[in-house]
Structures are given as structure tokens and as C-alpha cells.
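Same chain, two partners: chain A is paired with chain B first, then with chain C.
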Partner chain A sequence: MKISRRDLFKFVGGSAVGAFLTPIPWKLIDDAAIWSQNWSWIPRPLHGEIRTKFTTCTLCPAGCGARVRCVGDQPVMLTGVTRHPVSRGTLCPAGLGGHHLPYHPGRALQPLQRVQKNGKIEFAPVSREAVEAALAAAISRLKPGTPNESIVILDQQPGRTISRVYRRFLESVPNGVYVTTSALGGDTLCVLQEMMEKPYGPVGYDLENTRMILSFGAPLLDGWGTPGRMMEIIKAQGSKDPDYRLKIIQVETRQSRTASFADEWVAINPGTEAAFALGLAHVLIHENLYDQDLIRRKAIDFRKKDGRAYLNLVEQFTPEYAAGISGIAPDRIIATARTLAQNAPAIVIGGGDPGGGPLGKEEETAIAGLNLLLGGIGRPGGIVARREVPDIMSTSHHPTVPEMEIRDVPDHSIRILILDAAESGNALPWALLERKLVPQGALVVSLSSYLTGLTKHAGYIIPAPTYLESIQDVPAPIDATTASFSLSSALLTAPAGVTEPFEWVKRLASVAGVPFVEEAQGSTYEAQLKNRVETIYRAKRGTVFSSGDGKTVPIAEISSADQLWKLLSEGGCWIDSKAETKPMPNFSLLGKTKDNFERLQVAGQGRLSREPGLVAAFGFILMPFGWRGATGNGQISPLMTKLFQESGLRKLSGQTAVNPETGRAFGLTDGGQAWIETEKGAMKVEVRFDAAVMPRVIEAAVGPSVEAFSTAETQGTQNILDLCHLDDDCAWRVTRARVTT
Partner chain B sequence: MVVKNRGRLIFLAGVLVMLVVGWFGFPRMLYQKTNQPIQFSHRVHTGDKAGLTCEDCHSFQADGRFNGIPSISKCGGCHVGLLGNSPDEKVLVEKYVATNTEIPWLVYSRQPENAYFSHVQHVRLAKIQCERCHGPHGAGDTLRPYESDRLTSYSRDIWGHSLSRIHSEVWDGKKMDNCASCHEQRGVSNSCLLCHK
Partner chain C sequence: MDTKNKKQHRYGMVIDLDKCTGCGACMVACAVENNIPPATAKATDRTGITWVRVYKFDNGLPFPNNRSAYIPMPCQQCGEHTPCVSVCPQKAVEVDAASGIVAQIPVRCLGCRYCMTACPYHARYFNWWDPVWPAGMEKTLNPDVSPRMRGVVEKCNFCHERLQAARAKAAAEGRDEIDPSDYQPACVEACPTGAITFGDLADPNSEVAQLVQNGHAFRMLETLGTEPKVYYRSDQAWVRQIAQQEVQKPKAKEKVHG
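Take a look at the complex of A and B:
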């Protein structure tokens, strides 16, 4: 039988029809869909035993406990630790994504050197030895006793054991200066300590017992301090008598989340915090609502014969005068001052915004002065003393190297700048650091794990292990009322190309031939941490929380320092006992800075009064803002950034908000593009209309840049901070700007 | 007559050939069989001889986490030495228990990464018997070969043994439809986020 071409087609046709009566097409469609979801390069968590480990988050200084769900040894999920004495079961969004960070696309995995290639800035691999040799040569060129030729280590999380190591290293080299950044949440406390005639020791906010918080822009309900602590305090208010519930008044130009949720939002004019604070002080004094006994006994400059006393300063800031500057009606200033006095104990907190930066020293002095007038220092519900974490280095050796905030470092004085890897979670403009560097030949070395933020300006990068890759200690958060100490364990193996900062400092000291501490040279970082734990154990103070079982036991019940080490390395936390009330020394309400009276007078006029000539040319006021932990692209999970981008919950880099009437008057459209121009440069941004924005103000987000995760940030991704004006006191809160389409 | 219907017959032959290929040849081509590392007898362990229950080995932790397949230390608890004369037990003791090496079991019911399944919610809270999903697995004397889909690498148990997905047994098939229909029968939510977290 001959098979024709027609027969063949009929057979194939029959087969095709038959195929639809078999599982072949249906199963293949299903399999193809599954196959496309399972490419070989899609990362998959390991299969294995589900384990729970505990550690402490080091992404900011809050020191929150973290419960780590692991498959095998691979962390796959982070959550808060129930009953943790510091974080109270909470972990912020940045902390929840912390286990993604070792796989951050901007991760630096080997020493890098900044080079210029074809007109572009790039980072090329370099040997660690070459970096050490370059630094050693630069150190050898430093002339001892020349203050404008300093070597600085910038530490954004002071108080750690590595911080002590840095200070010891800086003592061994000429012109060493240990530098920290502004600790938003603790700035008022730092200024308060500076106002004391004698050292008063560390202090914290007794938020649990206070009845009222007057906040000057601090994001109290949006990641401030230790977020879990604040959330627990707010949660507890529901069960309280309405008359005794915590009252929060937020003094802030922007309608931030805290302003939205506060009992009152006082929308002051940009940069006029000092005027408002001094106006409140005027009312408190004139209506005898202040602690007269304390002020009479302790304040050294409340009254002075030279006419430059605190009283003389405050006299000028009548409610009407303060209202003219701050934009708040005199009646409201009076009412706020009365509410403060009636709701004792009350706390007044400064600090500022994580993106908008700290308030100036003068604003903080005026705010700290309110706390002193209210007499809340050393009293329950006010600002109370805590003890230091026991530390053998603090008792056996008093550091001689100066410690100062970066804004206090003289301009053009840093020859060598070493940036520690830890971040504070708050913005720090490169322009601020650049102002402090010598104009020519400065050497910047970053120990950051990520090629983002300030690191992209560094000449060399010696990447440190990132979160979860090395053991670190976590001291008490700056706002805490009791000292605490915990450890962050190494749950992952660090990549081969990264270097533990302690080891690197030792190597650098050896190469540079500086006499670094002998006991450190032969030691490991873990041994240093064990020494610190042993010192805490010997002090026999406080209690220890065990994350595994959620129990807290007195340290006296811990059998040995090794057992304490084991508990802490498994995510436990040591909490100090309450400090005894200390007698308060005399204090200066004007602060101890030179020309304090005049400086406060000038600050009281508002920040924008310092550049009146720019009003005509620049009709807008640029106010940057951000959220803690996400003011840059480092230390934030790129997956979380994508989530926020899609949900629109937070504004990202390049997004701004203006008042609709202002926007329309200047030809802007909601959702359209515009150029922001300042004296520093111009940047294209997306504009959103928001009726809560003050007229003539443009609020610009200092957030992570989505593009920066997919493109090399070294190519110069622009940041709104690059446009901000740096005042003489290094604040960048308000800048005159022009907005055009 | 034959000549008259020749075209139709050829067409039907094509249909028939494809039905045979589709229903009998295709499954053989699609699935790859692999024997388990050792032949484990559930019947010996759960029967009168050892008297164990499912949960004795496939246990829950105090916090509700399911341990899944027991680790080798669990096996080693009884099989420190040989208890019988089975060649597979000899392999167990010498190759795995003695060297403290985990047995590379091929898991029939392994769900894909994007599906979250909590044993404790189904077994403890909903009181569903193990057999509802796993069938008479616990009564077998041997372990059947593990069949993996060459395209997806999924276990054949997920699609179910009948390629038509017309299952004679309730436990045959562990795809989303199977989960959803059981949830529907029991009046449990079928929200996406219940399983795809």
C-alpha cells in the first residue's frame, strides 16, 4: 500500500487532534510556567533544619534584639525579640531586611581604589598592602603639633569596643582626632551636658514616666531613639486615665508622621526653632512657671550685671516678637508654655530630622534651657542620669585624644580621614566632610561594606564585614535611662576580601611603625570583646536577659564571665541597675560657647535671616527630610526599596512636595517634573502637590535612590543634599532655592 | 469500503497513536525515576514490632515547628548497632549513623519555595490525619522510586500520579487546586497570602 503525501498529512492531523486528548499540551503548559519560575540563577534558600538564633541589630545605634530564622545556617528572616529589654519586641523595617544586606548589589568585596578612567570615576581593585603603604606614608608626613594637619577617624556609632581601639590608635599618631556625628535624639542631651559646670555623666530621657513631650522636629513616632520603646510607651497610653496620658506636641515646619499623630502640631516657619523655644522661656519666666528654686541655686547666668544674662536674652523674645519670627500666634506660644508647665514632668526634645539634619548648637541650647527651667533634670519623668557600661579601658586608661563632633572640627584641617563602616542612620552630606578636609591632597579611606553614600568619595575602600558577618558589641542607645550591652554575632562567614577594622588598624599601625597598644597587637577583636564582658561580669551590676527563654536574671546568678559571654553571644542583653540620683552641678543656661549670648540672639532671628539678600533671587525654601536608616543606599535592603517604590508609602530620592497654590503659581503640575536650583547647583525632581506643605517651601526626600541599585553609584547619582546650603554651624536644614519647570 | 474510508482511518490511526504516546509514552519520558538512598520500611517501624506513631519520628517541636524528616541522630537513637539482618539497615548504620551523615532522602511531597505550608496548623489545629495528604505511606514496606519532572524537577506527587488529574484517591496530587478545594470543603479561607507569603 502506497502512502501518499495526503495520507501523511491526515495522519499528522489526526495526531494533532489526538494530542489534545492526551495530557501532553496541558502538562507542558503547566510545566513551562513552573520552569520559567525556577531558573537556575534564582537564589534559593537552602533546605535544612529550621533553626532560631538570636542576635543584636547593628544597623543603627538603637541596639534592637533580632530573632533570626535560619534554614541550616542561612538566615532567611529577621523579627523582633519578644520582651527584649531594649527593643521590646520590635524591629524597624530596615532591621527586618537586614539579612539581605550581605547580598547588597553595592557591596564592596575587596579593597578598592578610586581611579579616573576615560573621564569617569571608577573603583578598581587594589591590594590591601598598597592602601596601608599609602596611608603609612601620609601619616609619616603629618607634622606633630600642627592642628590643621590632622588624622581623623569618623565613628558614627561611638561607645563600642572598636571606638576605644580607634582612640588608642589615634593617640599613637600625630594630630589624631576622634570624631563622631550628631546623634539625633541625643543632641539635646549632649548640649545639656556641655551646659553643666562639672561633668554630670551620661543622661537619658525617662519617657516611661513623663506626662508631656515637646518635640522640636524629632521623629518621635517614626523611628526615633529605640523605636520599640516609643511604640510600647504609646501603646500603654490606652489603659491610662485620660488626664494622665502622655501628651505630645510636635514643633515642626513639615507635617511629618510624628506631627500627624501628635496631640498638637505647631507648624513653625522654617529654621525658627530657637525663636519659638526662647518665646516659651519668656512665658515660663514671666508667669513664674519655672523651677525658681533650682534656677536661683544652680543657674550661673540667669541674672548677670553685664546685661548679657539669660534673662536679658529671653526678655527680648516676647510672645509677639517670637510670633513674628516663628509664624505662631502669641496666644498659642503662651498656651504651649502653660501646657508644658501644667503637665510636669515634661521633656523638651530637639534633634531634628534624619534627612534634614541636626538643629544648630544654639537651637539645642535654647531647647535644653527649657528642660532646665522646667526643673526636670534628675527627676522621674524628666532627664535622668545613667551609668557608663563598665569598661576596663575607661578605668585603666583615660583617652587623651580629643573627641568632637564633625561640625566642631575646624574647616580645612583634616589631612587623613578614615570613615568607619558603622552608620548612624541619619544623613551626612559629603559637602560637610569636604569643608573639613584640607583643600589639596587629603586622603579619605572608607571601611564601609558598601560602595554607596560617602564611600563613593573615598580614595580607598577597605571593606569591613557587614551585619551578621562579624561579632560586634552594641552599647546603650543614647536616649536610654540605663546602660546596656549586647553582642551581634557572626551568623554568616565574611567574604575573603573583607577585613575586620580591628585587624586592619593593627596592620596599619604595624606598617606605619606607630607604637600601638601592645595588648591589642597580640589580640583578636573577639578577645577584646571578651575582656569587656568580663569587666561587666566583675562589676556584678544589673540583670541579664536571655533571648532564648525570655527570662531575666540578676547578674549575680550568672556563674562565670564565660556564661555571660555565652548568653550575650546568643542574643542576650545586659541591663544596668538604675543609677542613683546625682546632685546636679551648677549650669549655664546660655551654654559655655564663646559669645553665647550674641550667638543665641542671632539664632533667635531664624536661620533664613542670615542670608536676606537671596530672597529675591530664590523664592522657595528647600527643606530636605528623610527617615532613619534610609537616607542613603547603604545599609538598606534593595528589596525593601522596591517595595516602598511600588507602594508609595515613603518618598524616595528625587521626589518632592509643594503646596498646591504655590505650585500652581509657579507653573508646576502635580506629578510633573521641575528643576530645583540653589547656589550649589540644580537637580531635576518629581513634584507632588500636598496641601500640608507650607507655602513657598519645597520638601525634598533624602531617600534611597532606586536607580543607584542598578547602576554604579560612582557615576555621580545626584542627591538633594548636594544642593543644600551649609550654615556656619554645619546645619543644612533650610536653603534658599528656585524652582522652575 | 476500506479504500473508501482510507482517509478517515489514517486520521484515526494518527489520533490513536498520539493517545498511546500521550498516555503511556509521555509519562515515561517526562518523569525520571531515582531510588531512595536506602529502602526504609515504615511498616516495620509503625507495626507491632516497633510500635511507633508518625509523630514519634516526624515530630513537632515545643513551639509548633515541624521537624519533617528526622535527622540521622534520631535514627541513631535506636540503630547504634544492627538490630536486624536487613542489608539496608547495614547501610544505614555503617554509612550514615556511624559517620553521622544525613541521609539524602528524596522528599515526595516537597512543595515549591513560593508555597508556605504549616504542618502544625493542619495536624494539630485542623486535626487532619497524615494519611489525608500522604496516603498509606506509613504502611509501606519499601519506598517507591522518587519520580521527578525533567522540566520542573518537581516530584510527581505534586501533580499526582494520574496525568489526567482525575484522582481516585484524595491524597493523589498536591497542587494549589488540591489545597484550595480542601480549604473550600472545610470553609477555610483561600486567600493568596495564606500560602504565598
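Take a look at the complex of A and C:
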């Protein structure tokens, strides 16, 4: 048979067409798809024995229990611990990604010094000895008895064993001051303590037994206090009789997550919380809805004796007057006060937003006053006393160094500022700290594990171990009704360049030649913690929860302090027994400070009342907001891009929202860019229209930048807090702003 | 596995929108469990990968009567006429007859993204970039799930590896059926308010099956007839109305050419 050229073409063509009818090409494509799954650069998970360990989260002061799934010794997953007495099985999104933090690209892994190079800020390696020498020299220059030349350690998670060590160190140096920050969930409680004539001891909110919460901007359902407590209450709501369900009224300018889910959202004018609280007090008193017996016996300033008493103050704030300031109708103020009285026991909580910052002392005084009027202190469902965690250092030695909140530190008084690594989770503007520093020659040292937030402003960085890399203690959360104590274990080895703050303080004391706690000098931090556990064991109070088996046993059944240490270091939690009801001391509804009448009167007019003409000139009121743990000071898992960048569920730095009508009136476009300008400067932002935003308000996120997930933030990335006006009382909640395209 | 004589399951979930606070714990837990990498700096809400995505929506009223709610959207695990299955040229999407789970098989995927076009719920995601974790963080990957390559589509599979682990445990203990408490997807486990209930819809005694009977339960885009196995519920009428909004029916002319 003769094969022609045409036959050859037909065969080749036919074969090519026919091949498509066979599995061959599909198999080739399939194989190509499989091969392409196996490139060498695609990470391969570790394999090995799967183990379960338990620990306690230290990313914020809530102290949630965490179950750690490990491959060998490497943590690969964190989840909540069912039945944990503090966190009740819950772990927040930040906690779920906590095991990524040791590998965050923003970590500081060696001592660094802030230098300026070609007009840019850089962090250059420096020896630990050089930092210690610089600090020792600065300490030696401090003149004793000069309060305007102080050395301050800023501790955002007070109550830990290291907190005690800091205070002992500060006793040994001239002009030492131990400083804490405003605690989200605890501001009202702190102010309440200050209103008592005699110390009442720590207190907490009895959320489980209350019938109503009136919250002034506290993010109750979004990371507030110990998040697991509120979440458990929400879980149980459905199964409760509607008459006995917890009722939440949220008083807040912004429609936060809590405002969305509250039974009522009271959308109040920016910065007018004091007027609304005093308006409620007016109704409670005029309609005799307050606890008359308690007030008669205990309130030292209730009578109209000198014209500057609480009654005189409240009398001004009629519902109509309070309505004119707060923007809430008089009828609604009256109805809210009646609801509060009818739903006893009720709790009134202040605090504000994690990004927007604390409310201010005057507002908190007015809010704490409502709790006193309602008679909810020391009663189930109200604000109840708890005991301190047994602590040998607190019983054997009473610290002489004063403790104060950063906002109470005199301006321009800090010569040396040491920032502790632990974070409160709330925003803290650098401008606030800068105001407290001496104008020239202040030395700032950060013990942070990351190059982020406030640390970017420090002159030196001594990196500390991060979460899961060192053993730490976790005291009771500020909102708790019983004391608790747990440990966060070192599940990973810390990198070589980091230094445990306890060891560093010891070294610094040695280099500076200052006497230090004798028992600490030859000791380790673990030994200090063991001492504390032993003290708890000796007190023989309370119960111990074991994370491994979920059982709780009385401490009397624990055979030794070593066994208690073992249980706690394996993720257990000691819980104190309920404190006995303590008789409440006398209190002042105006607070103890002499000029509080005038201060409350001014605060009642609203934070923007002092320069009313400027509202029109600036057009907008800038209100920052944030999410606890993600306000830019601490660090969050790179996986948080899912929430911030890949879904828009949470807002990045530079993202803002305005009311659509206001936006259009000012020539803004939805999704467009705009400039926010305040007295402090200007910043380019992205604007979104949102019908939930109050007209004439621009809500701006205090969050991470996109770069923060993948790089070290060595440059001073602009933050909306840089634009906020700091009031005299260091609140930064409302600022007049101009918004232009 | 021989499934002929075994009980047929229909795993599904009921998400209580009145309990979802939009915290995002489900999204993070899902990413940790399924080795979903952090986004590159270029990624956006259109190119990012979130197997379960929480959307915010509101009642459309002006301030101060505006109210918002949150809706988590995983793959809806369609039971009938599963759109992604029917369009995949590579058989990279399969419905597991034993569990009812719609599985995505990345090694078969060519990245044509027909399935993404077909999915009415926007619950499928494409790998636009190589999966990259910060240096050292790859040690934290879940050993039970393989990372996927650039160029393939992925989606929620109800944490199928957890079902396999539960099956292995049952087999080791000589049981034919898994203990329902052994199989909970990562999002369900992480939800702090207990808004997500998971279980076997085919078991009338399961909590999830009973919740579906609740008058306030509904499914997304029910008129499409895809029979999703993810249900939602809310006692608030405006939430149900907005979440249940029907797809606009095509005009008659479009039907002819459709």
C-alpha cells in the first residue's frame, strides 16, 4: 500500500483530534495540576506526635484559658478551655492567633537604638550594656526630692509579680513613680473607690445576677472586661424567661457592635455623657426612685447645705436641660431613669471605647454616682467587693512608691520613662506620654517585643520575650467578682537576643548601683512566682480548676504548694472563695476633690461646649474608635488580615465613616479619599458613607495599617490619634475637624 | 470506604444571627485550622481568602434608627443542583454521598474559576498568590491540612479533616458511627456566643434538625432551589427580610435566551 503525503497528514490530524477523545490530554493537565501543588516553596506542615497543653493568654489583662494543640512541642492551634472559670471556654480572635506572635515580622530580636539617618528614623543594633549604662547615668543625674525629674515605669497590666518588682525597684531610685493606664472596664470602679471616705478594697461587676446594664460606650459585647463572661450571658439569653433576661441600654454616639445588639441604643451627642448621667440622677431623685435609706445614712454631701452640694448640681440638670446638651429627648431621659429603677439590681458602666479612650474623671464620677443612688454597691447583681490575691510581698512590705494613672502625672515631669512590654489592649496616644516628659533630654526605654506603637518613639528597646516564650502570672481581671490567679507557661524557647524584664531590672539595679530587693537579687523570676503560689497555697482559700480534666477541687485537697504550682503551670486557675459582704463606708457623690462641683458642672455642659463657635468653622467632630487588642500598641497575628484587610469586618488605620447626607453636603464621595484636618495636623483618609453615623461626625479607626501585618513599623506611620485634641484631663474622645477632598 | 450499608448523613449548620456579634473569631479559627495564609499587601476584600466571611448589613434606615447585624457566609453546601459541581470541567468538586459535604479537591483544580462564577453565594476563593507565611510561622501550620498552590480555587468543607479524625476514632473504638461531639468545625468551636450550631440534618433528634424546624429559620436564596445545608435564624423580622431577599426573577425575554 502506498502511503501518500495526504494520508500522512490525515493520520496525524486524525490522531491529534482522536487524542482529545482519549484521557491522555486530560491526564496530562491533571498531572500538571498535581505537580504544581508540590513546588519546593510551598510550606509543608510539621509532622509528629500531637500533644495538648494548656496555658493562660497574656495578650490583654482578661486572663483567658487557652488549650494549645502542639505538634511535638510546637503550638499549632489555640482554642478556649471549656468550663474555664475566668474565660468560660472563650478565646477572642486575637487570642486564637496568639501562637503566631513569636514569628511576627515586626519583632524586635536584639537591643535597638533609635537613630535618625538621612532624615529617616531607623533602629540600629546596640548592646544591652550600652543601654544600661545610659540609663544608669541618667538615674545618677536625678536629684532626689525633685518631683519634676521623675523616673517612671508604665505598667499596663498591674497586679502581676513583675509589677511588684517594678515598684520595689522604683523605691530604690530617686523620684520613682509607678504608673498605670486607664483600664477598660475598670474606670468606673476606680472612680467609685475614690468616692469612698475609707478604702473599700477591690470591687467587680456581678454581671451574672444583674437585670440591667446601662453602659456609657463600654464595648460590652466586643472584648470588654473578661469577654467570656458577657458571651456566656448572651449564650444563655435565649433559654431565659423574657422577663428575666438581661436588658442592655447602650449610651454611645457611635453605633458600635454593642449598640447594635443592645435592647436600646441611645445615640448621644459627642462628649455629653456627663449631662445625660446627671439628667438621669435628676429624675431618680425627683421621682424618689433612688435608695433613700442608703443615701441618708452614707452620702456625706447629699444635703443642700452650702449651695455646692450634689443636690444643687443635679437640680440644674432637668430632663429638658440635659436633653438640650445630650440631644436625647426629655421623655427618653425620664423613661431610661425609670427603667433603671424598675430593673433592679442594675449596673451603670462607663469606660468608653478602646480607641476613643477613657470618658474622663468627671463623667465617671457622674456615672459612679448613679450606681450609688441605685444602691447597687455591695449587693448581688450590683458592684460587689472581692479580696486581693494573697501576696507575700504585699503583706510583708507596703510599697512606698506612689501608684498613679498616667493622666494624673504632672505634665513635663518625667525624665526617664520605662515602658513595660505588657499591653492593656487599649489605645494610648504618644502625645499623652510626650506631654508628661520633660521638654528636653527625656530618656524613653521600651521593653516591648515588637517595633510598633509607642515603642517607635522610644530611644532604646530592650526586647522582652513574647507570649508563650516565658512564664508569667495573670492576676484577676478588673471586672471580676472574685480574685483569681493563673500562670502562662513558656511553651517555646525565647530567642537569644531577648531579656526577661525581671532579669533586666536586676541588671539595671546592679549597673546603676542602687540597692534592690534583697530576696530578688539572687533569685529568678520563676522562683518569685513560686513564692507567690506558695502564699496562695498557705492562705488555704478558694478552689483550683484543672484545665486537663475540667475538674475543680478545694485548695484544701491540694497536697502541697508544689502540686498547686504544677496544676497552675499546666493551665489551671485558682479562684478565691466569695468575699464576705463588707459594710460600705460613707461616700461623696461629688467625689473627694474639693473643686469637683465646678468640674462636674463644666463637664455637664459637654466637652465641646467651651468653644461653640468652632463647631461650625470646623464642620465635623472627629471621633476615634478601635477594638481592644488592635489599637496599634501591641501586636496581633498576621492572620488578622482576614478581618481587617480581606473582608473589611474590622477597620484599618486611615479608614473613616460619615453619614451619607453629611458626606454629600461636604462634597465627599463614598469610597473616596479626603483630608481630615485638626489643630494638630492633617491626614489623608478613605471615606465610607454609613447611615449609622451621626450627622456631622467622622468616625475614624484606630487600627493597624496594612503594613503592620508584614513588616516592622520602623517609620512613624501616621495615626489618627496624632490628630486628636488632648483635653486637660488627658481624654481624646472628641476633636473638631475639617474634612476636605 | 464502603458507604452502602452505612447511615447517610447530611451535615449542616444553623447560624443564629441574633447571637452573632461580628467578632470574627470564626474567620480566624477557620484560617488557622485550614492553613489559609495571611494576605499579601496587595490583597483586597475581592482577592483575599476567607472560607467563612462575616458581612455586615443594616436595616437601611437613617440615623438614629439604623440598626446593623452580621451574617457569616461559609460555603452553603448546596444539596441539589450544586452549581459548582455541574460546571467544574475537572471533577475537582464532589459531593460526598456519606456526609453531604461539597468537597473541593485542589489537586484537580485548574483554576478556571467557572465554579466561582456559578456560585450564587460568593463563597469560593481563588489563590491569586503563592501561599506565604512570615519566616518561621510555617511551623504553626495544621498538620492535617495541606496548603494550596497559587492558581487553584478553595472553599469551606466543614473542616472535613475533623470528620476524618472522628471517623478514625470511631473505627479505633469499634463504633460504626462517630460521636457527634467529636466532629465540630473550627468556626463552631470558636464562636464565643454559640451562634453556630452544627450537626446532622438527617437526624431528627439532632439540635440542628430541631432548630431548622423553628419558624424563624431560613436559607439564603432559597428560590434558586440549591437546597443549602446552611440555615440561618433570627427573631427580628427586618433581619430575615433582608437576608432572605430573593434574586430578581429574569424578565420573560431573558428567559427565552437564558
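The rule we apply is simple: the second predicted complex is superposed on the first by the 683 of 741 C-alpha atoms of A that agree within 3 Å, B and C clash if a C-alpha of one lies under 4 Å from a C-alpha of the other, contacts with A are read in each partner's own complex, and residues count from 1 in each chain.
Note that in this section a contact is a pair of C-beta atoms (placed from the backbone, for glycine too) under 8 Å apart; a residue touches a chain by one contact, two chains touch by 3 or more.
Worth saying up front: this structure is predicted, and the values here are computed from it rather than measured.
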Request  = Go through the superposed model and pick first if A:Pro695 touches only chain B, second if only chain C, both, or neither.
outcome  = second
Touching partner for A:Pro125 - first (chain B), second (chain C), both, neither = neither
Request  = For A:Leu21, decide between first (touching chain B), second (touching chain C), both and neither.
outcome  = first
Task = Report for A:Asp7: first if it touches chain B alone, second if chain C alone, otherwise both or neither.
result = first
Query = For A:Leu96, is the partner it touches chain B (first), chain C (second), both, or none of the two (neither)?
reply = second
Task = In the overlay, answer first, second, both or neither for which of chain B and chain C A:Gly667 touches.
result = neither
Request  = Determine, under the contact definition given at the top, whether A:Phe261 touches first (chain B), second (chain C), both, or neither.
outcome  = second
Inquiry  = For A:Gly201, using the defined touch cut-off, is the partner it touches chain B, chain C, both, or neither? Pick first, second, both or neither.
reply    = neither
Key: Most chain A residues touched (candidates chain B, chain C)   = C
Inquiry  = Taking the stated contact definition, name every residue in chain A that is touched by chain B in one complex and by chain C in the other, in rising order.
reply    = 30, 34, 37, 44-45, 47, 50
Task = Please name which positions on chain A make contact with chain B in the complex.
result = 6-7, 10-19, 21-24, 27-28, 30-32, 34-35, 37-38, 44-45, 47, 49-50
Request  = Give every residue of chain B touching chain A within the complex, in rising order.
outcome  = 6-7, 10-19, 21-23, 26-27, 30, 65, 67, 71, 110, 112-114, 149, 151-154, 159, 163-164
Query = Which positions of chain A touch chain C when the two form their complex?
reply = 29-30, 33-34, 36-37, 39, 41-48, 50, 71, 74-80, 90-93, 96-97, 99-100, 102-105, 221-223, 227-228, 231, 234-235, 238, 255, 257, 260-261, 265, 267, 637-643, 645-650, 659, 661, 691-695, 706-707, 709-710
Query = Given the complex with chain A, which residues does chain C contribute to the contact?
reply = 16, 19, 21-25, 27-29, 31-33, 35-36, 38-41, 43-45, 47-50, 53-56, 58, 60-64, 66-69, 90, 106-110, 130-131, 133-149, 151-152, 189-190, 192-194
